[in-house]
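Below, chain A partners chain B and then partners chain C, in two separate complexes.
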Partner chain A sequence: MTSIAIARKSIGRRTWRFASLAAVATIVIIAVVAGLTTPAFLTVGNGLVIIRAASMTGIVAIGMSYVTLSGNLFALSASALGALLAVIFALVTAQTDLPAGIAVVLVGAVLAGVLQGVAVNLTGNPIIATLAFGAVFRGLASVLSGNGVLRIHNTAAAWIGTARPLGVPTQSWTFVFLAAVSWLVIRKARLGRQIILSGANREAAVASGLRVNIVTCLALVMLSVGVAIVAIFTVAQFSEARSNLFSGYDFDYIAAVLVGGIALRGGQGTPLQAALGAVLIALLENFMLLNNVSGGLLMTVVGTVVVGAISVFHLLQGKNR
Partner chain B sequence: MKSGFATVVTLALAAALQWVCGSAMAADKGEVVVFVPSSTNPYIGQFEKGAREKAAELGYSVKVIENNFNQSEQDSQVQQQLASGQKAAGYIWWPFENAAGIGALRALSRSGSPVIVSNQFPLKGTDKFYTAYAGANDILSGRTAAEMLLKACAEPGMKCDKGAIIRFPAGVSAGDDRVTGFEQAIKGKLDVISVTPTAGFLEDEGYKVASQIIPAHKGELTWLYTENDSMAGAAAQAARENGLAPGKRILIVGGTCHGDSSHVVNGDLIGTAIQSGYFEGWLAVQTLVKYIKTGKVLPGEVYLAANPDKPPSDDGAPHKFNFLPNPAIGNSEAAYDQAKLWGLNAKQLCNF
Partner chain C sequence: MLQMRNVAKRYGATVALENVNLDVKAGEVMALLGENGAGKSTLVKILAGLEQPDSGAIAIGGKPHNIGSPAQARAAGISYVAQELSIVGTLSVAENVFLGDQTVGLLRSPSSLARRAKPFLARIGLGDIDPSLPAEAFSVAERQLMEIARLLSREARIAILDEPTAALSEVEIDRVKTAVRTLAEEGCAIIYVTHRLGEVFELSHRVTIIRNGHSFAPVATSSLQVDGLIEMMLGRRLEQMFPPRAPSVGDKLLVVEDCLCQGLSSPVSFILRKGEMLGLAGQVGSGATAILKVLAGLTPLYRGSITLDGRPFTPRVIRDSIKMGVAYCSDDRKRDGVFAVRNLVENLSAPVIDQVSRFGLMNRRAETTHTQAVAQQFNIDINGLGRLAGNLSGGNQQKVALGKWIGISPSLLIVEEPTRGVDVGARAEIYRHLRAQTARGLAILFASSDTHEVLGLADTIGTFFQGEMVQIGSADAMTAEIITRDVTHPAVAA
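And then the complex of A and B:
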């Protein structure tokens, strides 16, 4: 059996198709209930607001899904890396110009992804390795920023952060585009199948000659590029960066991946599901926010949805194997 | 070769001796131990800077012990500090979670050294565990913001009735106090449609909530209070995206200068007020040293004067509660440039 055939078989299509359908069905149910109970909910404007709210989490969640699908659980360094890249972007853009800022941040993101990939391969523990890198990234962001606010005054950057081509924010366009591209990568590209195989059956992947270590590095690079995009958007929108940006966001990224129904142990799902998970959570938050639900209850509901999603998909995957 | 090596060693020893002696001279009155959350938060970075500079001025050294926004970690740091046997001239206690940190505060109070609580207003029933409180008064901060808003609402052509509050995350006591102060001041004058917590304190978190609240209540919102200027600036951006001109069709106030001042000076915000991290750390050390010098604490509270040029005196005994002033600043370039507190200008105090 070829590696690609193994990968195709291991995808567990029924499970992830069910997961995708479950996410879509949940979105529809929440939308109907919210539409019937909340007058301001079912409007085009609010729909755009929800997609915009989902975009920044969703872009990183799409990148995170590659890490999960490759069998490496999660990277707990995403929010800290975002802060570091935001600080670097602000420093370079303020000193030179926007293209240089973007270029340096993307190179930094690739480097951060490779370094984390090497550490994950060496330690065999993605949680501990990325947690440690998170501390390194946050510390570097603090040192580079001098614990102050770094401001930029760049018209082109402000356009990137605040423009609305055809009435839709640039962040939302990017989110939709990346969701489509990531689906193509995982379903149609060789790299996508290698990521799935690495997560579904590591031993089989190694036996078939796949260089799993390189796949892990590439998955972390893709996550880091997603983080870089969000860092650039954030600094561009508000014209400033700080070392404490994105604090506490890692849970949001992971929640989107899990609620979307991507298998925790890897090998099953698509990044599109992570995007759907981000939309679902944004929808839920918007519904509760419009109904003036307290912050504590909101956290409780989102946490419960995550636990419920993990439990249901775990049971289904167990039956499918 | 040997001679060169000896020279290098001699120079290194001389430098080390000078450093040690210099430190000892600067710190001959003792060491102040400061417990704070991480300085990756720029406000806390400013707090540390103020504490260090005031301590150096008064002849003390400072040891800062940071936690990564984790009360358990901070509790453990307290145990380690006390177990080290090192006698501190005094402690400055900024708990990450006020209620959860009471056990550690009690332990510090039993060390025999004075304890000054800062930033997080002490909870009821904990009076015996600290010498004095020195820091911000968040109820005053909320009240100052409300007074600025009411003043702006009284301008000719302005119509204010319903509005919304975007507040700090649930559980942050400073957020509770600011809402309390704000609501007390607007009671019977303005209506609050909603009070919505954010996930943090910065622009992106403020924008996320404001961009959802504003379109949902577009026809009725006339004002927004956001608890700090970072979130207020983001709310102004969201208002403009929804066709509401800040300062004209909607009045926005953050109430504590923090972040980009351009939103204040261009009129997006109706004004701001100085709450300085630098002076909060500075005041905590000054209060501690005043107690060390006098051995007394005056009962009650004192609101320190918002003198533009002169900081409060180092002499005399501190009160039990020593509050930073919250001087308001108008929303013009001139007002911002002229604003000063205790000898430092708004740009120096707010740019963190």
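And then the complex of A and C:
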């Protein structure tokens, strides 16, 4: 009897569908309210600002969602890795050319993902392991940049950072493309299934013969590649890199994953939800900025939204027990 | 003293108790019997305040009582010795005896606490131990006895003992029996949950049987026979519970020679043939599961040799075993048997992801075909494969945990406790499915603490006690009495 009693009722599939719907509904509500109350909100220019802001957070959040889905909570090193990769990209691109810069950054990202994956597997604690790696990355970024501003003068890079094919920024095209690919990875690819199963029940995944350690490494590699893309875009857009880039952004990435309703314990949800979460937060922040809400208050509100979202999801889980 | 009326309790889709009545008089030992999964533990937890019933009434001493928490249960005079040990290893023996006792202040000195604990410990045969030592210094059996001492210290009106002797040796069991008798003579109402039928006849005045969430009217123990009792528990004749044994078995598949590993105190040897079911009987900690864990690649082999189909077999991780066609199903499906939050298709295909994918992409059609084939073999509703595993009953979850391994077409299936927490109907079904697999040549090695399960299911039986294999032989030569004797106190028999 005991084991049946303990076999806690899982969260219904409906809950997770609800999570995505809730995110979409909230996005619509914010857009309508903002559109009606704030004239500057519903302009093409502002729309592009929102999309670009959502894209930069969203691309990392999509990567982060693999880490969460694989049952490894979060990587707290994403912003620091972004700064390091941005510095490396600026250095290599300035010394050689753009393709070399991109190649080196991608290789560096894969390396950073694997190293972190190994550390997470060894310590069994993703939070502590990535926190430490965050310090390493930020420190290296500072050393490599000599604590100064690295400038690049590269027209191809500038195009990548500022072009708007069909009126939409390159960052946003990339965001939409990656969101679609990430959904396919989770739903159709073998790796996606392995990530989901590892996160749903790590012990059962090991017992079923899955290589959970490798899955963890790959999830962190995908996050790192997402971080690399954002680093490249950012340096390309502003033609400069600094070691304090993306400082404090880790919360935004995690918030997007949480507001999107991805199960904190892993194994339930899709990266698409993280993408929606990023859009939601970008909308909210933009709406408040246009209404001259102070930075402090803005932070408070976003934090409150995250607390509210995870509480609601938690309550829904409890109800199904 | 205690009356329960029409008590019901469900966990999601699983009905644990449907309609249970229980009457216990003061000074009486009421044996509570039922198979694994019948609802005994749930009933006991409700009385202990650990679970709340969905409906039904509880009266103590004629007055209705609401037992909303363990504290309320204690206030109502109910004391509970759990199946799982609740001794805090880092606290002293005396502190454990008085754990949770509101009348013992924090400021009481260790020596006075020890003095107060002494008589309670003495009554359970622990009079010679130092109550100020930490509890972790003592054996599992002694810690179990400390729990009984705690029960004595509470001067309960109603005492619940949930399988108090599962981990004890014969001498210690006698101490428990004496304590229980004394308690009853003092006027305490005792609910005694056990799997050991011998204890039922020795100790209890009346028996209440629970089957599939329903209780039967209490019966005086003196009017019962062993066979009749078993049939009342099962709800059917024993022989209908289990499929017929294998008419013949094939070639040698697994040869285990002089193997020593964690959990064994002396080496074991046995041979398992194709199509044969070998059952290892033993209590928790007896070593019955030790060699299973080696074969699964979970623990290392200290010495000895294992060959599978004539080739040396030394798995270092679970993957090695799986690759060699050896499947392992642990005794804890919640921990590592099922993905509760994922659907049945994903659960059933988990061990064969590589087979149902190509170029890194899942092949949905191959996956569906595969999982449907597996589901049909284990009688899992193929129209319900989209359901989450966690929403299934224990029996259906166990079918998933076992059935998924059929997908890798193993030559050897290793199972710990094949039917833990599975209701009677599903148990018979699981036995039938396992037997159907051996008829196709699969060899099954299982360990179980359930004597009747081993006796009914296996072709060959090995018995374990304290890290040693007592004997191994054909099931035809075994009886429930021999197995029970072997796994509890073989020395007495010899």
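The criterion applied here is as follows: the second predicted complex is superposed on the first by the 302 of 321 C-alpha atoms of A that agree within 3 Å, B and C clash if a C-alpha of one lies under 4 Å from a C-alpha of the other, contacts with A are read in each partner's own complex, and residues count from 1 in each chain.
Simple rule for what comes next: contacts are C-beta pairs under 8 Å (C-beta built on N, C-alpha and C of every residue); 3 or more make two chains touch, one makes a residue touch a chain.
Note that the coordinates shown come from a computational prediction; the quantities given were computed from them, not determined experimentally.
Engineer: Check the residue A:G148 against both partner chains and state whether it touches chain B (first), chain C (second), both, or neither.
Structural biologist: first
Engineer: Does the superposition put A:S172 against chain B (first), chain C (second), both, or neither?
Structural biologist: Neither chain B nor chain C is touched by A:S172.
Engineer: In the superposed arrangement, does A:G248 touch chain B (first), chain C (second), both or neither?
Structural biologist: first
Engineer: A:A189 in the overlay: touching chain B, chain C, both, or neither? Say first, second, both or neither.
Structural biologist: After superposing on A, A:A189 lies in contact with chain C but is clear of chain B.
Engineer: On the A-aligned overlay, A:S65 touches which partner chain: chain B = first, chain C = second, or both, or neither?
Structural biologist: Neither: A:S65 stays clear of chain B and chain C.
Engineer: Is A:A263 contacted by the first partner chain B, the second partner chain C, both or neither?
Structural biologist: Touch status of A:A263: second partner only.
Engineer: In the superposed arrangement, does A:V206 touch chain B (first), chain C (second), both or neither?
Structural biologist: Only chain C is touched by A:V206; chain B is not.
Engineer: Per the contact definition in the header, classify A:G45: touching chain B only (first), chain C only (second), both, or neither.
Structural biologist: Once the two structures are laid over each other on A, A:G45 reaches chain B alone.
Engineer: Could you list, by residue number, the parts of chain A that touch chain C in their complex?
Structural biologist: Those in contact with chain C are residues 1-13, 188-194, 196-197, 200-201, 203-211, 263, 267-268, 320-321.
Engineer: Sort out for me which residues of chain B touch chain A in the complex.
Structural biologist: Answer in residue numbers: 38-42, 44-46, 69, 169-171, 194-197, 199-200, 202-204, 207-209, 211-213, 215-217, 233-234, 237, 241, 259-260, 351-352.
Engineer: Name, in rising order, each residue of chain C that touches chain A in their complex.
Structural biologist: 11-14, 16, 36-42, 45, 51, 83, 318-319, 322-323, 328, 330, 332-343, 346, 350-351, 353-354, 357, 360-362, 388-391, 393-394, 397, 404, 420-421
Engineer: Sort out for me which residues of chain A touch chain B in the complex.
Structural biologist: Residue positions touching the partner: 40, 43, 45-46, 49, 52-53, 56, 138-139, 141-142, 145-149, 151, 162, 164, 234, 237-240, 242-248, 286, 289-290, 292, 294-296, 299.
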